[in-house]
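In this document, chain identifiers A, B, C and D correspond to the written order of the chains, with residue numbering beginning at 1 in each.
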Amino acid sequence: MSHNSFGHLFRVTTWGESHGPAIGCVVDGCPPRLKLSEADIQPWLDRRRPGQSRFTTQRREPDQVRILSGVFQGMTTGTPIALQIDNVDQRSKDYGDIADRFRPGHADLTYELKYGIRDPRGGGRSSARETAMRVAAGAVARLVLGARLRIRAALVQIGPHPIDRSRWDWDAVDRNPSSCGAVVEVVAEGVPPGLGAPVYAKLDADLAAALMGINAVKGVEIGDGFATASLSGEANADEMRMRDGVVAFASNHAGGILGGISTGQPVVARFAVKPTSSILTPRHSVDRHGQEVEVSTKGRHDPCVGIRAVPVGEAMVACVLADHLLRQRAQNPDAPDTPRLPRN
Amino acid sequence: MSHNSFGHLFRVTTWGESHGPAIGCVVDGCPPRLKLSEADIQPWLDRRRPGQSRFTTQRREPDQVRILSGVFQGMTTGTPIALQIDNVDQRSKDYGDIADRFRPGHADLTYELKYGIRDPRGGGRSSARETAMRVAAGAVARLVLGARLRIRAALVQIGPHPIDRSRWDWDAVDRNPSSCGAVVEVVAEGVPPGLGAPVYAKLDADLAAALMGINAVKGVEIGDGFATASLSGEANADEMRMRDGVVAFASNHAGGILGGISTGQPVVARFAVKPTSSILTPRHSVDRHGQEVEVSTKGRHDPCVGIRAVPVGEAMVACVLADHLLRQRAQNPDAPDTPRLPRN
Amino acid sequence: MSHNSFGHLFRVTTWGESHGPAIGCVVDGCPPRLKLSEADIQPWLDRRRPGQSRFTTQRREPDQVRILSGVFQGMTTGTPIALQIDNVDQRSKDYGDIADRFRPGHADLTYELKYGIRDPRGGGRSSARETAMRVAAGAVARLVLGARLRIRAALVQIGPHPIDRSRWDWDAVDRNPSSCGAVVEVVAEGVPPGLGAPVYAKLDADLAAALMGINAVKGVEIGDGFATASLSGEANADEMRMRDGVVAFASNHAGGILGGISTGQPVVARFAVKPTSSILTPRHSVDRHGQEVEVSTKGRHDPCVGIRAVPVGEAMVACVLADHLLRQRAQNPDAPDTPRLPRN
Amino acid sequence: MSHNSFGHLFRVTTWGESHGPAIGCVVDGCPPRLKLSEADIQPWLDRRRPGQSRFTTQRREPDQVRILSGVFQGMTTGTPIALQIDNVDQRSKDYGDIADRFRPGHADLTYELKYGIRDPRGGGRSSARETAMRVAAGAVARLVLGARLRIRAALVQIGPHPIDRSRWDWDAVDRNPSSCGAVVEVVAEGVPPGLGAPVYAKLDADLAAALMGINAVKGVEIGDGFATASLSGEANADEMRMRDGVVAFASNHAGGILGGISTGQPVVARFAVKPTSSILTPRHSVDRHGQEVEVSTKGRHDPCVGIRAVPVGEAMVACVLADHLLRQRAQNPDAPDTPRLPRN
């Protein structure tokens, strides 16, 4: 029940603050004999890295990941994989004046109330920088899931503007600039049926925790999500037919999950990212001495954290699926890879 | 990592199928010397019980809970509390004709694909009946939280109709009849600051998992939730002032949680319940032999599961808060009960 | 991290006090479609039951186990299996005079110091009666392990008298009467290689916890155990040769485990059971008011708990192996069942 | 349920191989505002370090620990503490000739059978080098436990020679040279009563797992351990009297634990370390191709791993006690620090 770990059989533990010497993670439970080198991880990190567009923070971090354990001669060994990124750009002087002041909408206050101490430099542990390790762990998770299973995310709403889905272009995703709050959709195709478990290990419940646990996320939905509240039972039911011995669904309102267990359809999840709380206009606030102050933030920050949340959302979904894939194998090693019937 | 447990220090394990001899749960980790009898639990169950209004299922279940362990002379002993409800109304013949057929929108198919076997009577393990034990466990969690902490939920949207919040009346909640999909809001007042933990034990992440894990829930949001995607950073920030040595917030867009940790404001969560998938109009489906069939459901079911989800949502929030209260005590025994500054 | 659960993928949670209405357990994670009825469990319970010989307690408990969930039409469904035994013989008046007094060598004092309350009737939660549920869970674990894997235990020392291993007779085990402290040896044959995991999920570490967690156990050893301290490295090494493509060991000092992982040899563990602390001669003690008293025990108790610990030890080993079998399947689904080389 | 983590609220995850670039650990759940720097950890590592006496391995490792996160301005922050030691002396050529051969008594074979791959350099993950991180984590655990709680270990048997307890000298422990197998005793004084929990979180069960999980350990006992099998119930019971309002025990056969819960007496545990399996005389073995070979080891190894196991045993006990101290605080925040009666 570590506070800084997630997953069970595929388990990730992260550590590190924004302005400490390094950040890192330990991936435990990865199956052996998967081909793995830094080159399998770095491209995913590069997608998340700040400085990629004029809309993301101006901080320059090379974010070069190193594998420190768990790999021998280019193959995973089944032992814990330690990944690490040195923090090379730590201009902590930028943050000196807010060491004692709590930025509205930030974790500054709650860390102080909980721990009575915090590393204020760059948000410390609550910095979005921690999500780099999620992306790194997600790259390993993708290897566990195999090439058949494809996970992609994209911004579907930026600020108040929904994106026109009929004009969707996956190739455009990486070029997508933007600003303020956002909604990100993650789609996982090729998910075998049977992942998840009743009643407190539902796949959707674990996805909800994983996505809500990303910095600045305030809402999560699966399939039609909140819109289902307005549907009738008939409209919401995904009808089924057989095609070549495999179940074919007429629709996917359920987002690929029924009763907490994957159906074999694409798993669809969406999450809402609040606008960054780093603000240039002074706002009312208080400091750790209980004095009323005005706060504005001068550090380098993302105008739209939603952009960088895209690869993080993909990574979290990858980690959850990898964990459930291993769990499924343990209890149901003979379960089918597709929703074929009869099952055996 | 039990599939049928949730929580860590306040940990609940449930068992039982809709039409087996009984359902039950084990509540582990409850502090000792709390006054507890069946009378503390039964009223919450009675709120959830079917047959309370003409909009909920016609099944009659007395749902009399019994405490089988963990209580001595009316006080908890610190050892596991076993709660049990006998299933007295099990007309399983109603379900005979759907034993081999998969109802669209139900877990029938996914249980078959995962396990290759399922108890089809009344939904078996995936029946909403399991939620009775969540409500029972939640009643124990409320005792751990104490009277100062108050958790209430209500329907805020029924089908496509949002409820007018300005005309809100907590007393009317229990009389609220309704139908189809719904959105339920849970508000916890009196939550001390400091509950939750970075990075993978965030209070909002645990609430998201707990609420998404309720049957038929497809979306969860905290505070302003999905609406924050449309807000600017300035509009979304909850400004702070001091009042009598305690932080006073000008607003609560954050829903009482910042950086995964409670602020001391009311914790606000909402979840969307899809319309019940039990349907009278025949729908296309398949059976376990891979044959195409038409399915309609004749059993006794809730037209709006959202109604019965209200006490379940409260109970899940109570369990999550009780768990985090114990976790907070372990690591930060001297943390304050209110957001007062300076902290010490 | 439940205080009353053990195992991870094959996970057992027990509840109940000696003199409450019932005791029970929940077995979670059991694979589906295993044939299971009460008749698979009852014989193991009958072996443990008191009143079997004149050396065990005179209490008469029918110990009829009931399956309340997780089984449909005689097959496991993959959902939690609830097992329950009603307590039908609860002469609690026997214990009235020790409600406030702490028996030396018993948990009476420590429960009071920890919780400030305890159910004194028959030892409450610390009663050896709880072990009945371990035996029941162990019966389920044996089904998971399959008939190829055989787990047997026997007394190898009773009081100060070691048992002559050269005259060993497995068939005599069930007839073995005895008294006072004891050492029990458990041997599991047919264990596949590869169970266990470095570094904190070693098979021997999990066996040590499982066996040390049995009431009155004060020591655990694997293979040659404490005797290895006196051996030289050469004498202790189990040499290897090949026989029909499979590794053949010249000896089994290691008890079937190297580096925390099973070798394919029989797994051998031993545990020491202290003499029962229930005593007829008055002993110095104190009561919950801090008064000095004399205590002797008049209840019905086992003169040698080692006898009844034999099936409990078997059950704990079965549960640990079942858990590790599932874990192994998750990470290494293609691992061989025997120590054959080359591996693939 | 990470394979490479232990503890629950005070949780340690280790990573790294003997001849990789570094080894490390993450300590999660440590309370905030404890004074911590490398100087609090290094002395414990120096005690464990090889090259300290002519009886330990000749490998020279500076073992300089670095704190990479979780500490700000010399104080713990409550966030994960990452500790790391670079591997600076990695003469891997020494191990080249045993890459394919399995040393009897080593984990070589079982890693191959489990994973189908292993890092053979210096034992890889199964190297005793991993225990350096346990010692480092134990140093942090000592800070959590406070100065009142003192944990010391010593060799009590070296090879076949028991050490004369009547001539015991704690100061001599650090100078104690030795060889072959060994028995190590760990004594923790100042342990508050109430640590541990029934039934599957017993303090002795967790100690057993922690100590059995140390490399080369084959047996664990608490208090009088295996000797209790030969005692009568009367002889084994620790009688109690009151002294200044606190329970005073006449003896400590129980090793400070009754019913899985600490009594307030010193906690006493012992573990047996088998002789190092690294051997100079050629032994029969096999290689990964299934060929019969002779194996002898030429690397630098400890003649008596028992010597270096002394600080490791202390560290594991420290970690277990720190974990249980936090757990106790969570459930029983008002429990007394000494066995005083009446409790409240």
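The rule we apply is simple: contacts are C-beta pairs under 8 Å (C-beta built on N, C-alpha and C of every residue); 3 or more make two chains touch, one makes a residue touch a chain.
Computed from a predicted model, the values in this text were never measured in an experiment.
The chain pair with more C-beta contacts between its two chains, of A-C and A-D, is A-D.
Ranked by how far their CA centres sit from the centre of chain D, the chains are topped by B.
Annotation: 25 Å between the Cα-based centres of chain A and chain B. Measuring from the averaged C-alpha position of chain A to that of chain C gives a distance of 42 Å.
Centroid to centroid, with C-alpha atoms defining each point, chain A and chain D lie 36 Å apart. With touch defined as above, residues shared between interfaces to two or more other chains in chain B number as follows: 1-5, 8-9, 14, 29, 32, 78-79, 114-116, 125, 198, 332. Chain A contributes residues 1, 8-9, 29-32, 78-79, 198, 326-327, 329-333 to its touches with chain C in the complex.
Only residues 1-5, 8-9, 11, 13-17, 20-24, 26, 28-29, 32-33, 66, 68-70, 72, 75-82, 114-119, 124-125 of chain C touch chain B when the two sit together in their complex.
Those residues of chain D whose C-beta lies close enough to touch chain C in the complex are 1-6, 8-9, 14, 102-107, 109-116, 125-126, 130, 157, 159-160, 180-183, 193-194, 196-202, 204-213, 215, 218-234, 236-242, 245, 247, 250, 253-255, 257-264, 272-279, 281, 283-292, 306, 327-328, 332, 334-336, 339-344.
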